[in-house]
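Structures given as C-alpha cells follow.
One chain, chain A, links the two complexes that follow: it is found with chain B in the first and with chain C in the second.
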Partner chain A sequence: MSVGRSWAVVTRSGIVDYRSGWLLVGCLCCLVCDLAVAPQPNIIGISWSVVRLSLPLMAVALGSAIVIAVGDIDLSPAGLISLLGVVLLVCASSGIPAWAAMVIVILIAVTVGLAHGLAVSKLGVPPLVLTLGSSFCLLGVATIVMVALQRSASRGASSTVTLVLPGSYVHSWFSMGWVWVLAPLTFISVWRHASHDGLRHLAVGSDRQAASLAAIPVPAIRMRAFIYSSALVSLGTLLLLHYQGGGWTARAGLGYELKGIAAAVIGGARISGGSLKPINVAFASLLLVAIESTTITASWITAEMQGAIIGALVVIAAVIDRTRTTHE
Partner chain B sequence: MRPLLEVTNLDFSYPSTHEEGGLVLRAERFELSAGTACSLRGTNMSGKTTFVRMVSGHLRGTETVVRVDGETLSPFTPTRARSLGVASVHQHDPLFPELTIWENVMLGRPAGQTGLQRNRTRRGQLGDHLSHWDNTHIDDELRKLSGGAHVLVRMLRAVLWGYKVLLLDEPTIGLDSNVKARFFDLLFSTLNQDRAVVFVSHIDDEHRILANGAARQSIKHRTVFLRAGCFDLTHVGGEQ
Partner chain C sequence: MASNSKRRKILTLSIAALLVVAAGVAIMLFRSRDDTKRILVVLKTLDNPYYVDMKLGAERAAAELGPGVKAIIKAGNAEDDVQGQTALIYGHLDANSVDAISIAPASSTAMIPVIRRANSMSVPVIVLDTRLDAKALDDHGARYNAFIGSDNERGGELAAKFIGKKLGNVNKSVLLLEGVPTQETAITRATGFKRVQQAEFASWNVVAKTANWNRQQARQVMDTIIATQGIPAAVFACNDEMALGVVGALESAGIARAQWPPIVGFDATSEALAAVKDGRMSATVQQRPDRMGRSAVELAVEILNGGSPLRDNKIPVELIEQ
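What follows is the complex of A and B.
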C-alpha cells in the first residue's frame, strides 16, 4: 500500500485530522522561537526536554479528555497528584518497596475515581462541584501528611518545603517515560476508534437520553470515565516525580487540572461532550509545554508574564478552532 | 407453543396520573408468538409508547414481568432487554450526528455479540445496504445524511445485529413514500417465523402494508387496540 493510501486510511478513520497538523506546526513554531531566544541553542536537547516534560501532562490531559468526552468534568487532578506524591513519600519513609508503592498509588487513584464516578452517576452530584471539593480535600490531606513527614524529618512544618524520594524509588521506573505514555496513548486511540466501549463513551457525551434509548448503560459509562481519568492521573504523578528527580511539595499538582483541561480542549474535546481525539490531546499537551518552555527560556519574560502569555495563547487557539468549526 | 413475548401484570402509571387515580396501562397478560406481526393501534395518550418503553426496559411497572423466549427481563434495563433480543426503534430516538453511519449502527450491538469477525460481517452487510443509497459511504458522518436516511440507519441499527422481538414506535413519521417503501422492504427482509414485530402507528395505510407484507411471507398478522385512559389487551384485538 502506498504512503498516500495509508495516509488516506488514517485520516478517514479519524485518528488524525486537520487539527493534528496545526498542533504540530504550533509545536515547531514554539521550538524555533525557543532556539532563537536560547543563549546556547541545542535543538536535540530542547526538543527532548519538551517531550519529556510534556509526558506527565499528556497522561493527565488524556484522563481529562475521557471525562469531558462523556459530558462531565474532572477538577480533581490537582489534589490527587499532590496526594499521590505524598503517599509515595510515606511509602519510601516506611521502607515499602518501590513496586508495592506504585501499586498502592494506582489503587488509591482508582478508588478516588470510583468514588467520584459513583457520586456523579448514582447520586447525581454535579461533577464540577464534586471534583472541585474533592480536589481541595485531597490537597488538604496531602498538606497534613506532608507537614507530619517534615516534622518527623525535623525540617520544620511548611507545605512548600520539598521532600525528595530516594533514588531507588525514582530513576529505575521511568527512564523511558515516553513508552509509559505511548502505550496508554495507543491503547486509548484504539479504544476510541475501534472499540464498542469507546463509541459508547462518545455516545453518552453526545446525547445521554439518546444513549439510554440505545440501551447504553449511561451510569456505568460515566463511572468508568472517572476511574480511567484517575488511573491516568496516577501515571502522570509517577512520571512527574521522575522528571522532578523525586522532589515533591504538598502543592505540586496545582495547575495540572486546568492544564489538562486546556490540553483536552485545544486537542478538540468539546466541553459539552461527544468528541475525543487522543492523538490531538497528546499534541496539544506538547504544544502547551513547548509554549511554557519558550517563555521560560526567554529571559525578558518574567514569571508573572508567563501565565498571562500561555493563557492568552490558549484563548486565541480556542477561538480560532471554534470559528473554524462553526464555519464548517 | 411457548410465546416469544410474554408480559404479565402489566400495570403502569405516571406519577402525575397516579395522584388522580388514573392508570395509563393495565392488563393481566399480553402474549405474542413467534412469526407474528402485531399492529398496535389506539388514539393519542392511550399508552402505546408507554407499552413499547416497558417491553424495551425503559419503564418499569410495579408488578410487571416481561419474558422474552422464556427468559425474564431482570434486571429491568434496556441493556438486558437488548441482550434478550428486544430491538426497538422509538418515536423520538435521536442518533449521534458526529459519529459515522457504521459507528451509529455499532452502538446497537447487544452485549455478548463481540468478536472482530462478527463486526466485519455486519460491516459488510451494512455496506451492502448502503450500496443502494446515493453517494453514501459507511464511514460518512451521520450529520451529512437526510432525515429519511436517519430513520433507515435507526432501523438498520435495530435489525442488523439480530432480534427476537422488534418494537417499532411510530418510526415512519415524516417519511416520503420512497423512503417509507425502503423502510418496509428492510423490515420484511428481516422478518421470519422465529421473530415477532410490534408496529405502532396512527396511519391506517401503514398497518395495511404490514398486514399485506406479513401475508406474503406467511407470517401471522394481529391487530391490538388500545383505549385512551385505560389499556386492556385481553379484551380487544384479534387475529387476521
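What follows is the complex of A and C.
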C-alpha cells in the first residue's frame, strides 16, 4: 500500500488531517534550526528535551481544547498547577506514598473542576471571570502553604519536610511521561471521533440553543468539560514536576493557561466552540515547545529578543496555517 | 478531481518534509566545529534593571576575554520563573551547547534538580545573587562550584539603622515591602531589617506586605495603604523597583514632597540613584550587579581553565544616602 493510500485511510477516520502533517513539518523545521545553531548538537537529546517539555503542555492544552469546544474558557490551570505541585510537596513531607499523593492530587483537581462546572452550568457564572478569580485564589493558597512549608523546613521542625520532591517520588510514577499523555490522547480522540457523546459535546459548542432543543443535556456536558480539563491539568502538573526533577515554587503554573489556549487554537480549536482535534492540539503543543527550544539554543537570540521572537513565530505559524486552510 | 486535489496536498506535504530533513542532514554534514568556551548566564528576568546591569557586566567581561569566550545570556520571564530557567538550562544541556553555567536561581530549592543534572554532565555551576538551600542541596546530592552575591542581611540591617536614625524608637508604622515570599533574597533582606528593628527600634509598628519585587504591585499596595491607613512613617522596599512604585503612588496621590516618608530601596539601580539624588528616595542599599555579572563569566573561565576560585565570593553592600 502506498504512503498516499495509507495517509488517506488515516485521514478518513478524521483523527488526523493535513494540519497534523503541517504541524509536524513545523516541528521538523525547528529541529533543523536547533541543529544549525547548537555548536555540537545532540539530535536525540534535543528531540527528547522538546518532547519532555511538551508533554505537560499537551495535557493542559487538551483540557483547554475540551472546554473551548463547548464554547467556554478555563483560565484556572495557572493556579491549579501551582497548588497541586505544592500539595505533592506536602504529601511527600508527610510521608504519604507517591501513588496515594497522585490520587489526592487528581481528586483535588476533579473537585475544583466540578466546582467550576457547577458554577458555570447551574449558576450561570461567566467562565472567564470565574476561572480567573479561582486561579488567583488557588495561587494564593499555594503561596500560603509553600511559605508554611519553608518555615517548618528552616525551623527544622521536622526532618521529613521537603521543598524538592525526592527522586524516588518523582521517578516512580511519572517517568513514562509519553504513556501518561498517550492514553488520554487516544481516549479523547476516540471519544471525539467515534462516540455519540463526543458529537454531542461539539454540538453544544456549535449552537447551545439548538443543542438544548435537541434534548442534549447542555449543563451536564459543560460541567463534564471543566472536570476533564482539571483532571488533565493534574496530569500536566505531575509531568511538569517530573520534567523539573521535583523542583517547585508556589507560582510554577503561571503562564500555562495561556500557552494551553494558544496550543488548542493552533491545533484547530475555534474560540467560539464546536471544533476539537485532539491529535492536532498535541502536535501544536509540540510545535510551540519546539519554537521555544530553538530560541533557547540559538546563542545569537539574546534574552531580551527571546519573547518577541517566540511571539512573532507563533503569529507567523498561525497566519501560514490560516492562509493554507483558506486556500484549501 | 477530489482525488487529484488530495494527491497534490499529500505531495506538497511530503516534499516539504523531505526538504526539511535534507536541510538537517546537510547542516550535520557541513557544520564546522570550534573550541570557544561557552558560558550560559541565566538571569531571573530582564524586567528589573538590576539584572540588566548584571547582563551588561557579563557581556563586558566576555568581550574583554576575547573571541575564545562566548557568554550566552538568557533570562526567565519573571523573577520566579523556575520553569523558564529550567527549560533554558535543560535545552542547552541537551543540545550540548554550553561548557559552564552561571545562574541567578529563581528559587533557592526548585532549581536544585537542574543543578544536579549539570553536575552529572560535569558542567561547572556558578550561583549568582540568590543562595541555594544548603539542606536541599545535601539531600539531593547537588553541588555548585562558586557563589557570587551581596550580603543581603547586612543590607537589610543598614536600611533599618538608616530609618532608625530618621525616626528614632517611636510608635509609628513602618511599611516593609518584601519580594517573592519564598525566595532566599527576599527572606534575608527582610530578616536583616527585622533583626535590627526588634533589637533597637521595637516600638515601630512594622506592616509587612509583599509586592513580589514588582513596581506596579508596590504602587498598588502603597495606594491602598495611603487610602486606608494614611502615609506610613517610613518605607523599606526590598528592591528599588518596589521603592520606585511607592514613589509613584505618592506622586499620583498628589502628596506634597515635604510630607513624604523616608523611602529606602535596595539594589542602587540607575533610576533609584537618580531618585535618591533628586530627593524622591532617601537612600538605597548599593549592590554591584555589574560586578556580579563580570565575575560570573570570569570565574567560569577560571574553572574551565583548571583553576579553583573561592567558593564564597561576597560582594559588600553600602548605603547610598541623599
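The rule is short, and it goes like this: the second predicted complex is superposed on the first by the 303 of 328 C-alpha atoms of A that agree within 3 Å, B and C clash if a C-alpha of one lies under 4 Å from a C-alpha of the other, contacts with A are read in each partner's own complex, and residues count from 1 in each chain.
Following the convention adopted for this analysis, a residue touches a chain if its C-beta (ideal position, glycine included) is under 8 Å from a C-beta of that chain, and two chains touch if they have at least 3 such contacts.
Everything numeric in this text was worked out from a predicted model, so none of it was measured.
Colleague: In the superposed model built on chain A, check whether chain B and chain C fit or clash.
Modeller: fit
Colleague: Would you please give the vertex angle at the Cα centre of chain A, with arms pointing to the Cα centres of chain B and chain C, as a multiple of 10°?
Modeller: Seen from the centre of chain A, the opening angle is 150 degrees.
Colleague: Contact-wise, after the overlay, does A:R200 reach chain B, chain C, both or neither (first, second, both, neither)?
Modeller: In the superposition, A:R200 contacts chain B only.
Colleague: Of the two partner chains, chain B (first) and chain C (second), which one does A:V90 touch, if any: first, second, both, or neither?
Modeller: A:V90: touches no partner chain.
Colleague: Quick one: chain B or chain C, who's touching more of chain A?
Modeller: C
Colleague: Under the stated touch criterion, which partner chain does A:P217 make contact with: chain B (first), chain C (second), both, or neither?
Modeller: So A:P217 only meets chain B here.
Colleague: Pick one for A:A115: touches chain B only (first), chain C only (second), both, or neither.
Modeller: neither
Colleague: Have a look at where A:S275 lands relative to chain B and chain C in the superposition and call it first, second, both or neither.
Modeller: Only chain B is touched by A:S275; chain C is not.
Colleague: Output check: A:L24 vs chain B and chain C. Expected answer is one of first, second, both, neither. What do you get?
Modeller: In the superposition, A:L24 touches chain C alone.
Colleague: Determine, under the contact definition given at the top, whether A:Q209 touches first (chain B), second (chain C), both, or neither.
Modeller: In the superposed model, A:Q209 contacts chain B only, not chain C.
Colleague: Which value in Å is the smallest Cα separation between chain B and chain C when the structures are fitted on chain A?
Modeller: Least C-alpha distance after superposition: 13 Å.
Colleague: Pick out the shared contact residues on chain A: the ones touching chain B in one complex and chain C in the other.
Modeller: Common to the two interfaces on chain A: nothing.
Colleague: Which of the residues in chain A end up touching chain B in this complex?
Modeller: Interface residues on chain A, with respect to chain B: 12-14, 196, 199-200, 202-203, 206-207, 209-217, 274-275.
Colleague: Where on chain A does chain C make contact in their complex?
Modeller: Those residues of chain A that touch chain C are 3-4, 7-8, 18, 21-22, 24-25, 28-29, 31-32, 34-36, 38-43, 45-46, 48-49, 52-53, 143, 146-147, 150, 153, 162-164, 166-167, 240, 243-252, 254-255, 292-293, 296-297, 299, 302-304, 306-307, 328.
Colleague: Touching chain A in the complex: which residues of chain C?
Modeller: By the definition above, chain C touches chain A via 6-7, 9-10, 13-14, 16-17, 20-21, 23-24, 27-28, 31, 33-34, 36, 38, 43, 46, 55, 70, 72-75, 77-78, 80-83, 86-88, 90-97, 106-107, 109-114, 116-117, 133, 135-136, 139-140, 180-182.
Colleague: Within the complex, which stretch of chain B touches chain A?
Modeller: Going through chain B, the ones touching chain A are 56-58, 77-79, 81-82, 88, 90, 93-100, 103, 106-110, 114, 139, 157.
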